[in-house]
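Note that the chains take the letters A, B and C in the order they are written out, and that residue 1 is the start of every chain.
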């Protein structure tokens, strides 16, 4: 595919600085780009590469619209990352969709209901009472349990399991190996051991959610574990029973959310963070990477550390920790000096009866 | 299903306070419950909901037997969570078990031995020499390797892989995507790189174990990686080669246990904890969430933090850390004051030959 | 299999101290070994078992060549762990390889190209344009996407998914449930929510790499996510889009590497460590377990803690933390003493106009 910079600019709603007639053949990262490719600058860390990139054009924000070397045309956009995403769409063209229809090596229960143009790959299984919406794709090895409802235009990658009674919305993407609707970790301690609490709730994944690979989302004990509209979940994330995640949240890889916790709208949970059970993370809150959140977080608050507290406080504590060895030296010095003062005081001072 | 509160009380061995003739149609969490439903109070955090729940009856402990609002009948039980679990069983009724028999799309080796009423789903594979006990269920896409032994009444969910020579006991539940018997991470460093140490041991899962989704339990290098009777393992847990876990342990999501470590009976490892290799976690020990255990833990001990130490010590250290910024201020203040004292001392003191 | 100690010594290139004619029937760990078995001593923690092991012979390093009890013959080798690995190979004999050929329950696209003696298990899928090298094995339920290239002598365990356009080298081992080539976690924030950035790059796994179970390696946004030759990856590891891992690295279980980070040759990332995005971990660097690496690490450096810093510094800080409660006591004591000095000073000092 060969498109001029001017055409890309028109597609993404930006303006060209320099020669808009140059022809581009693809997109690439700023470090890897070769002549003929379009790249972008969004992360300030990469500003230094602006002068050296071999790309034929760079998507930049207005503040960098004058910064390029004379020869490199720029595409100036308000949000360079969004513009780049749109350009990638332009160059990626139409990916080859799997063919509609049920592969002869798939197993679909007679009572299951399939929409139009559904694609069901080899070795996929759709159990009794399940419904699959129009144009949705089940890749090979996907297992859709009894009475599961899958919406339209949803793509479920290989070897995903969606267990009985779960509901998955429209335009959802679930990556390979993910498990939706496994039993929650619920045991009542008895003298003879751990008694399993039956997990009879379900999981609901709302529209436009994307879920990474090898994620686990447990069904509710009773009621529903819910992932809100437009939320994006990275790989290897654990979501416990009865968790409710609001709309538009971002949950980065290897995060764990314990049972019955409520995560608000637009919350960001950075990688490997752990969230305790039965708490609330308020709308728009941000939790730092590897944090351990042990109590509820107010809306809009930014927390980090273990136990997680306001990020400004955590940062100050971390700064103090780095100075601990010197603090110990300072205290030792004070101790020496005070001993000297005390002993001098005794020499100088009035003879206290001794 | 419609059952009176009195009938539930009889089933779970509790007593009714209030009107035992009310008819219940199901169970729910204390916040979500609607009229007609039974709920329970076990977590003290939720005590405040006792007054506002819309449930028609609440399972409570004896200490709350007088606390309900006049109108809400109570079911008083020694262990409300156990009683609730039993009530859930009552209301959940019989789940629809997959039909006995081998699905025509399953592949079972001729030399495999199947018990009576075994259910083998589509696209499951049972390899040569494997044995599956009576009434056990292999869901779709399960792969049972050569010479694996699976006990009776065991349920293995979709896309689980149990590799050659492993043994799985009776009444075991393994959730989707879990891998039993992958090679341990064993490499000997040579000049040319890492030489793989063949992993020729196996994995033994004893009776009544439950294993979550996308868990990994590696086979032993030589000998056996063993999960003791009645132990419950949550999702995304990593268990290294030659680990031995005792009976009745609880291992919460995303925990990692390094090779050759022994975990005692009834140990609790909270979420995201990491346990070093070649150490012992004594019977009944508890390891806090996100802890990093670097050396052996005595029986009954409770540890937390990184590196994990006695929980009481960790807590004191965390409390100190929160006070670090103020400690720095205090030390700075001391320094100023001691400088003043020292300079005053010089003024006051005897003229030292100057 | 029954082999004399002398034969083992010849095979592994070591020398016998004691009776080399004894017959060995297998290998085992030093604690579990029974008469007739060969064991080894490599971890110094296990030195104490040298005197009590029931093994018939022990592989030891030269420094232990005189340490065995009189009756236990020793096999002395420069690197006992490597020698043991070789001995295990000797005793494990030839594992039963799956039969060459395409199982009738596998689905291989007509345009896919298979090498000689390829083994494709039941319910595996090989899509259009894929190529599988000579003698490679696809276990049951493996899904190989469009245009994927798999090298020779590579083994891919059950239910692994390798998505379109990925490339896997020769002699690679991928354990069960792993996902190669899932979409990177790339979203551009727009007012209406998170816009997916199409992930049109791929993943390249070079020769001699081993990848554990339930690992996730995301495809690049544009360009390539690359795992270098001879690198070994443990279970449940997350590798983000555009990450480049050098040759011969060791990545232990549950590590997470964020997008676009470069990990050098021979780097060791210990269990549960988290690495931020867009940074560089220099050749030969070592990252401690559970560390959080937030900025680039120099070649050969050893870092630990959160945020990760030089291990020697982290260790000193941890040592200080353990002493924090006592430091608080010491500061309180200093405060008391300085108050006393100050008040004494006021008594003693010259009357300041009062």
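As a working rule, contacts are C-beta pairs under 8 Å (C-beta built on N, C-alpha and C of every residue); 3 or more make two chains touch, one makes a residue touch a chain.
A quick note: this is a predicted structure, and the numbers were derived from the prediction, not measured.
Chain-to-chain contact here is organised exhaustively, every possible pair of chains being in touch.
Counting the residue numbers that touch the partner chain, chain B and chain C have less than half of them in common.
Chain centres here are Cα averages; for chain B and chain C they lie 24 Å apart. In chain B, the residues touching two or more other chains are 105, 123, 141, 159, 177, 214, 236, 254, 272, 321, 324, 327, 331, 334, 338, 341, 348. Of all residues in chain B, those touching chain A in their complex are 26-29, 32, 43, 45-46, 79, 81-82, 84-85, 88-89, 91-92, 96, 103, 105, 121-123, 139-141, 157-159, 173, 175-177, 208, 210, 212-214, 230, 232, 234-236, 247-248, 250, 252-254, 271-272, 289-290, 318, 321-322, 324-325, 327-328, 331, 334-335, 338, 341-342, 345, 348-350.
Note for the complex: chain A touches chain B at residues 105, 107, 123, 125, 141, 143, 146, 159, 161, 163, 177-179, 182-183, 185-190, 193-198, 200, 214-216, 218, 221-223, 236, 238, 240, 242, 254, 256, 258, 260, 272, 274, 276, 278, 292, 306-307, 309, 316-317, 320-321, 323-324, 327, 330-331, 334, 337-338, 341, 344, 348.
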